[in-house]
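Below: a set of structures, written as structure tokens.
There are two complexes below, and they share chain A, which is joined by chain B in the first and by chain C in the second.
Here is the complex of A and B:
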């Protein structure tokens, strides 16, 4: 059994958003809604995201989603770690309407691994983003986030604060370990 | 469907040192080498890849990674890298333009490891890489990086492999495996 399994969304929503097999492709998209990815088959998930274009450096955010509706309440908190040149800094945002998970920059390739822990369980969700942002050729832009509602979600929406982004992403489930 | 697919390198393996062999899992076990080239590990079938490497050495040495195509290794000053280093209580950072990525920092006779996430190396565009590393420098040391590779004059080059090399005559012994993210 492979420890990581590819997940195909049941559908996607958003202007410029489409499915190519299991890959979610987005072109000049401001909001990427992904449905039918979280289930009882897995507890924990990995998003692998590749951005190839944006207007300029800014954060990318995630909202939890159930049956086609996002939770846009002030139920998110995130801690950011940023390393750019000799500057290493952190910042925490609480009671926010979305969780920052990554970043993207203008015309420079950026990439992210985003780990989502327990989104389909009836408990709060934890998220860890780990990115290379193409800003100035390379910037570390990581996040640890939580979502406080004890609701089981089946999808999410990724947005860029109403700015467009182009790229693709794939989603994987971590195989559950057998209990002996 | 499996999310990760092992990318077995093409043969014969090109290396400098005592030995390098492909193991039963598709990774490469290497012993006392200074250079190892892995061809055909980046393919049109996948956009993004994970590289996992561990190594020991007889002395402190840094290990670099350069993108390689079917013919050439890009040793130009086309690699920009942001580092995040945590040594004791003080995290520091630095951004440098270099002739390679930093893949591994081996101190001496202890284990060092790296997981590298590589975004779009085979696509006709620049490549991005994010590493998470443990070094045995000062017993335990965090030295993560985020970098991009954009060759000049055309940054939109696809590569099918890469080369790792130690930045001195010091050899390393360990294992490396490349996996593609299914899509």
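Here is the complex of A and C:
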């Protein structure tokens, strides 16, 4: 089969976090740990996330995870691009303890596609997040991130450090077979 | 911060609960401190940029442009939003 295949995590961790089939559901959660999603079955992955935040517009972060333990070392860097009205701005953060992957806003619904390249390969991981944030009716909040350790990871944790998020996400693997 | 409860959920509906380890609590505290610092810096930068833009708009208005013209020339979409941001209200 070619294309995207839905992945069911082996388990999820966090307060207010649960599984509904393959869907990760979270309610008033600050940290969403997802186990057993990255493997040799796929090289690249897509997270599709839909959520709201309980407070003002915030960035959302990701950490790589292996056997239930996050890598919280200063091994992440990310570039942010934000467009709101006529204002477009960017910022880079390096040697940080997590990678920003999207934004989320209160009241207005937010959503993101987050591509993760090679997390289960013994080489550095690249991450690309593209999100719509409901702030002021629609704000673009994109990220390009890297994680430098050459470790094969099997999961990740999605963090919102200030306040909590409610929503759901699904994870897909890109099949490695070539299209005929 | 007190140890908080972490729930693990499995596809078959089983759940397990445990208290966060001291390392997890310490990491959470560090994450919150980092996020608060970044949020304060972001809000300060946003406010400073809005104040600079509002100052420029005010000078254009003093030169004779209407508020609507000054906003259009500077690309400001919503003058009231700019004023609110310049005041540091989010």
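Methods note: the second predicted complex is superposed on the first by the 173 of 180 C-alpha atoms of A that agree within 3 Å, B and C clash if a C-alpha of one lies under 4 Å from a C-alpha of the other, contacts with A are read in each partner's own complex, and residues count from 1 in each chain.
Throughout what follows, contacts are C-beta pairs under 8 Å (C-beta built on N, C-alpha and C of every residue); 3 or more make two chains touch, one makes a residue touch a chain.
This structure is a prediction, so every number in the text was calculated from the model and none was measured.
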When chain B and chain C are modelled together on chain A, clash or fit: fit
Which of chain B and chain C A:122 touches, first, second, both or neither: neither
Partner chain in contact with A:86 - chain B first, chain C second, else both or neither: both
Partner chain in contact with A:19 - chain B first, chain C second, else both or neither: second
More chain A residues in contact - chain B or chain C: B
Which of chain B and chain C A:6 touches, first, second, both or neither: first
Which of chain B and chain C A:133 touches, first, second, both or neither: first
Contacts of A:113 with chain B and chain C, given as first, second, both or neither: first
Shortest CA-CA distance between chain B and chain C [superposed frame, angstrom]: 7
Interface residues of chain A shared between complexes with chain B and chain C: 21-22, 85-87, 136
Touching residues (chain side chain A, partner chain B) in the complex: 2-6, 20-23, 46, 48, 50, 52, 81, 83-88, 108-111, 113, 130-134, 136-141, 168, 170, 172-173
Contact footprint of chain A on chain C as seen in their complex: 4-11, 15, 27-28, 30-32, 34-36, 38-39, 49, 75-78, 81, 90
Touching residues on chain B, where the partner in the complex is chain A: 1-4, 47-48, 80-84, 91-95, 97, 117, 119-120, 125-130, 132, 144-148, 150, 181-183
Complex interface listing, chain A residues touching chain C: 8-19, 21-22, 31, 56, 58-59, 70, 72, 85-87, 97-98, 136, 159, 161-162
